[in-house]
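A, B, C, D and E are the chain letters, set down in written order, and residue numbers restart from 1 in every chain.
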Amino acid sequence: MAHVFGGLANLRSLLRRRTAPGAMPGTLTGDPTTTTTSIRVMAYGPERLVEQEVDDPSELTALMAEWPVVWVDVDGLGDVAKLRGLGEVLRIHPLALEDATSCHQRSKIERYADHDFIVVRMINLGDRIVTEQLNVFLSQGLVVTLQGERPGDSLDPVRARLRTARGRIRELGADYLAYSLVDAVIDGYFPVLGELGERLEKLEEEVVTALRQDAPSRIHSAKHDLMTVRRSLWPLREAMGALWRDESPHIAPGTRVYLRDCYDHTAQLMDIVESYREVTGSLMEIHLSSVSNRMNEVMRMLTVIGTLFIPLTFITGLYGMNFDPALSRWNMPELRWQYGYPFALALMVVTSGAFLVYFRRRGWL
Amino acid sequence: MAHVFGGLANLRSLLRRRTAPGAMPGTLTGDPTTTTTSIRVMAYGPERLVEQEVDDPSELTALMAEWPVVWVDVDGLGDVAKLRGLGEVLRIHPLALEDATSCHQRSKIERYADHDFIVVRMINLGDRIVTEQLNVFLSQGLVVTLQGERPGDSLDPVRARLRTARGRIRELGADYLAYSLVDAVIDGYFPVLGELGERLEKLEEEVVTALRQDAPSRIHSAKHDLMTVRRSLWPLREAMGALWRDESPHIAPGTRVYLRDCYDHTAQLMDIVESYREVTGSLMEIHLSSVSNRMNEVMRMLTVIGTLFIPLTFITGLYGMNFDPALSRWNMPELRWQYGYPFALALMVVTSGAFLVYFRRRGWL
Amino acid sequence: MAHVFGGLANLRSLLRRRTAPGAMPGTLTGDPTTTTTSIRVMAYGPERLVEQEVDDPSELTALMAEWPVVWVDVDGLGDVAKLRGLGEVLRIHPLALEDATSCHQRSKIERYADHDFIVVRMINLGDRIVTEQLNVFLSQGLVVTLQGERPGDSLDPVRARLRTARGRIRELGADYLAYSLVDAVIDGYFPVLGELGERLEKLEEEVVTALRQDAPSRIHSAKHDLMTVRRSLWPLREAMGALWRDESPHIAPGTRVYLRDCYDHTAQLMDIVESYREVTGSLMEIHLSSVSNRMNEVMRMLTVIGTLFIPLTFITGLYGMNFDPALSRWNMPELRWQYGYPFALALMVVTSGAFLVYFRRRGWL
Amino acid sequence: MAHVFGGLANLRSLLRRRTAPGAMPGTLTGDPTTTTTSIRVMAYGPERLVEQEVDDPSELTALMAEWPVVWVDVDGLGDVAKLRGLGEVLRIHPLALEDATSCHQRSKIERYADHDFIVVRMINLGDRIVTEQLNVFLSQGLVVTLQGERPGDSLDPVRARLRTARGRIRELGADYLAYSLVDAVIDGYFPVLGELGERLEKLEEEVVTALRQDAPSRIHSAKHDLMTVRRSLWPLREAMGALWRDESPHIAPGTRVYLRDCYDHTAQLMDIVESYREVTGSLMEIHLSSVSNRMNEVMRMLTVIGTLFIPLTFITGLYGMNFDPALSRWNMPELRWQYGYPFALALMVVTSGAFLVYFRRRGWL
Amino acid sequence: MAHVFGGLANLRSLLRRRTAPGAMPGTLTGDPTTTTTSIRVMAYGPERLVEQEVDDPSELTALMAEWPVVWVDVDGLGDVAKLRGLGEVLRIHPLALEDATSCHQRSKIERYADHDFIVVRMINLGDRIVTEQLNVFLSQGLVVTLQGERPGDSLDPVRARLRTARGRIRELGADYLAYSLVDAVIDGYFPVLGELGERLEKLEEEVVTALRQDAPSRIHSAKHDLMTVRRSLWPLREAMGALWRDESPHIAPGTRVYLRDCYDHTAQLMDIVESYREVTGSLMEIHLSSVSNRMNEVMRMLTVIGTLFIPLTFITGLYGMNFDPALSRWNMPELRWQYGYPFALALMVVTSGAFLVYFRRRGWL
């Protein structure tokens, strides 16, 4: 059951990763688990697209002057100097950069003077639900994404669409690219919820058919996973709502209808999560009710059996008394009857039968 | 009890039906379970009405030019090419069309540049509550409805009213037609809730009179149904509120009073659902209280019976001891009394009687 | 206990009374349980007042032209034709008229072009709480009230004040009359709540002093009654808030201060209902705690008694063994002691005493 | 336990005190428990202050013309005629006057054309929490306070400050006086909550150390008291928020900062009440958990004792059987062994010991 | 367990520290536990910084005229006269000063004419969570901080940054200093929550592996701590939101982006607290479920053992009866069989075996 609170350990480790209390705002801590920061650039217009690895952030200036849209895709938070250089070249606000590198931000959208700063959390379902922070900076003709914690992300379909020029993505601006990235992240929640749903169904099967003792902790574990998703989705929905509703100079009016769609998807996801939570709550109630039913049944049956034998034992005790029938004709004359023993046995059978009938009438059996 | 979570399986299957994560927005998936898409058109003015089957969406342009109001009634989401053609001819926004064909949208109202897009979920009560998506596109003089999942819908009364020209429906515009369709869908909730109410009454009867062991799972099942209706009604009410309150160029001011009426009906429905939920909660409490009462009664009675016999068995044991009265006059002289055995029996009766009186005084019997 | 869900049956019957799904808006169903619709008119100015029965709605036009304020008081929804005529003469919107005749509306206030439409639910406490719909239409110089379900209403004090010209009611306009009517309905809630409170007090008395087995269902029944009142009050308060706050051409600014007072009363009523609900919840908790306490006490005492006898029975069994003291001096020499039997009895007394002391020390007795 | 629902009886009695349903608005009922209404006046400017008893309300006109601020302090609601006269002379709106004399108003602030009407409920902690209504009318240069139910109030400190001219109270206007009065009432909540807190601490002590059977009802009683305070504070906070935020012609901008302070205090009070409620909830949980723990322990120990004796009794029964060892060497040869009896005793000790070890290993002991 | 309600005693003591009810607003009580009030000043511009101890508040005027930013850092609330002098020299509103010295304010932000008044509560984790009030007054070029209860605060990192001129803190104005102070306080919550999380993990370990009887009270204690943090964070977040969103003449637009960051941190903290609360709730449920499981298992096993012996004891009783086989061949002929005793033993073994098999089949064992 130790895994129930993986989430707890996770939260605590994030608390440790923070900059020291009272540190200067804008301090970059970077990620101590890695030392590299790779910068890949995709620059494109409707007709052409180049992809290249960039080592010195200052090379970006030329690219930004040449291409309509430039996507700077930063992976790994190990090289603090490079990150700081990047922030200066691309005019990212120090506070935003600090948030982007601290890995434990909630999903949010913040408007800075020179750019919009969007944080969304990508979801991953391994043994437990894990979320990873994706930072998106959006300004005129420029999208910067920054991610760190683990290799792999949900953005490959967007890269593929850019390369193959499927749809109108290459014709539209940086705002549409940012939307596509956020949308890909949100789409990543759907299969995770599908998988969670399958696990819930399996759990349900077990709760209903077998009285497994680890059911409560497994149900709690499922509940905890759902809470993690919910806590991740809630600010995501809020952020998407703000992104769609609040005007931004960096987002064309035509793109906002797509952002509304994103918002809509988060609302659907919340709906599904709420359904799952409700089902999980029902599972616990049904489990407890089954446990209590079974306990009641066992105790009742055992007590009934015990009670049935009590008068029998009394009768055997009766005729085990040492009153001497030879001394007085009042002293247990049955002992001297020819059919005394069968009479005693019959007495027992009749008594038990009477009890049985009585119990069954009262519905206790 | 497996049917408790039909809803769960249902939700999960919807998750599978989605377009792949990261897919281009506006991608149409269609419905893999069918291959056809039929387009029926009702075009009418105050005086006349024509109904015809349309095969090529481009035929619609002529109809729309000729008639004051055109209702394009699309059934089945199997023919993706036809759907795409339809979207182009009728200038439906690709995002709206994608939503309309994905079958798992919540009720909502979205304003696009060229049209309003209304999603409402129709309700059906078979073995379980099932909801089906109805998409309504409304622009000047044009209403497009799109539905897919199952045959049959709640719109036949509207078709009949159009044909017989009952009321003023033919004199009023496309907005009134859209209202009539949405109103018909909302009206479809009332008989379903009536039926649910009857089931609840029957369930109540059983819970109160018989202690059936499947009561908890049946109550949970009813609860689940109510939650499904509630989850369907909640966004419906919100959408109706937005439809009524927010100005739209496609809706005449005179029609808005009808939309307020729709909103009012959804509020009434929510009221009924809340009452049912409250009753269902009471049922569970009463069931649990009955179960516990019965268990308590059984255990108490059994224990009382057991306790009554305990002193009797003790007395029999007493006189079953092998102290020899012949050896000493202190050794159970009762054994040698003439009326020793009746005395022992009387002792037992008196003891039991005393216990009975004591138990009854304390109210344990 | 069948009466617990009288409310349920009630709700369901309302669902049956509705117009068919998809019916034309503005369809009047009337009330199938009656065939009559009586129209009484009170027309008045500061100086004079006439009361008359009106049979043909068209007679009202003359009265409205002549008198400053006309109150058309319609009772019974049986005569659909008369109701439709009334609607036309008094220019009541068809949707409002449909709502007014369908008897299951929540309290609300709706502004139509020609009039305000106010629905309030009157309360009645028979065996169960019952609410009845009162419809009030307010336009310049005209108040129409429409009610149906049962004879008798809460409006008689207003009629009396009009006849005797007490207060300034005859000097003020139709809006003040409408206020007086709504106020009378709201005032009708106070004695009902008083009566409910008395029942709760009686119930409390019983729950605390006697452990009656029907307590849970009676508490649930009280809870249900309170929920009915609450569900009736909630929209009433909302409607009163809207009536007071939103400007209406039919309500003079001087009257709005009175409507605020109405709103205030509904808030007070909600307060009382919430207090009652809280008390009812406490009653259930106290009942359950008493039941469990009593059960615990009984079981503990019975088990203690049983346990006290167990060593006694053991001792009797011991000396009932058939080891022959004559064969060996190790074989239960007590049997041959002169005071063997008294010794055994003493042993029993000492053992029981030790147990008693131990139990009491541990606080089990 | 009857005192649990003192609050209930209280509420109900208030319901009885109301004017009859449908009564004319503005009807004064007065207080049937008293017959007097005393009017004390404090009129003051920065330099001087007069205090006098006024018998005829019309005397007030002269005082108001002469002094910058006049505080009319009315005590007792018995003399309806005097109250009505007061209302006319001071131009108090009839509805406000009706509310002021009906004693069961929630805290509120209402703006009338000629004055602001503030209702606050003073708190008193006797055996139970009791609240009393204080009505404050504020217009230019005039403050009227009206209270009825009991002698004594929380306003004496303000009177003292006026007399001694401590602080700037005499230099500031009527609005500052009204603020001071309301502030004194709110300050009166703090010691009451302090006392409640002490009671809670005592209760906690008892719940934790002793298993008193009246704990649930005492906890409920405390909960009830807290609910009473909460129900009183909630509208008070709302009213203070409205008083501070909404502009009023009778309140100088400089005074509003003081009213914000009042609002702040109510928020603090709510905070404390919420903490107490949380603690009370914990107490109940801890009590129930203790009760169940103790019950479990008792039953387990008793059952263990019983179970330990069961095999002993069986062995005694075994050697109490009447098989005759003389007839066959298979018939209980132990009976004829020299050390048969010690052997049997040893058998018992070993069996019991084995059971004890087993129970302890399983952790049942 | 007495420490569960340390918080309660704490709250109550705060209630005692208040000024008397009805006291003049602006009354300073000071802190009776100390007699000193020390004033340290840090005055700085981009180039230079002086630090000095100030004894007479009037010395501050000269400093304020000379330096761009002056930070007046007041420690200890014992010297009421000095505090009053400070308030006059620095033009602090009397109400704000009263709040600042009363030590039990909730976090808040209040705008006064001459300054902003910010209250934040610093957190400290000793044995229990304790919060301490930090008052910040912000006006043009001046920041006053006032704290009292305990030595030590969270502000040292800011002092260090000022002295070493790290970052741009010395170049920016008083508003940035105020932000840095508040930010340092908020940062102080993170390690406390980290520590709380570690305690929760340890508690979890214990709840899951051992059934400790003090688990409920320890879980409640953790819950209580979390509630304390939550009650402290909630108004803090609100205050930060107001600080960031509402325009103030004392806060430059460029500083507001930093305040948004502060707000963001409080939201993150709330998130963590909510996760912890959820985990704590799960712990209680798991504990209760374990306790009940274990109790059920023990009782079931004991009852099964008891039940297994019941028929055995019956059989021994049977053959302990005194029917004389010599008198009749119907009287227990087994007693005279050669293998009668082995037969009886076998009978017992078979009966017990049958019961065992039956119990195991029914799944009771």
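Operating definition for what follows: a contact is a pair of C-beta atoms (placed from the backbone, for glycine too) under 8 Å apart; a residue touches a chain by one contact, two chains touch by 3 or more.
Computed from a predicted structure; not experimentally measured.
The chains that touch both chain B and chain D are C. Under half of the residue numbers found at the chain D and chain E interface occur in both copies, marking it as a different-residue contact. With centres set at the average Cα position, the gap from chain B to chain C is 25 Å.
If you average the CA atoms of chain B and of chain E, the two centres end up 41 Å from each other. Counting partner chains per residue, chain B shows two or more touched chains at residues 299, 303, 306, 313, 317, 320-322, 332. Chain contacts in this assembly form a single closed ring in which each chain touches exactly two others. Read round the ring from chain C, going to chain D first, the chain order is C, D, E, A, B. Remark: chain D residues 1-2, 4-5, 7-9, 11-12, 15-16, 18, 20-26, 93, 95, 99, 104-106, 108, 110, 112, 213, 216-217, 220, 223-224, 227, 231, 288, 291, 295, 298-299, 301-303, 305-306, 309, 312-313, 316-317, 319-322, 332, 334-342, 344 touch chain C in the complex. Listed in rising order, the residues of chain C touching chain D in the complex are 154-158, 161, 166-167, 169, 180, 183-184, 187-188, 190-191, 193-194, 197-198, 200-201, 204, 208, 257-258, 260-261, 264, 267-268, 271-272, 274-276, 278-279, 282, 285-286, 289, 293, 296, 299-300, 303-304, 306-307, 310-311, 313-314, 317-318, 320-324, 327-328, 330-332, 362, 364.
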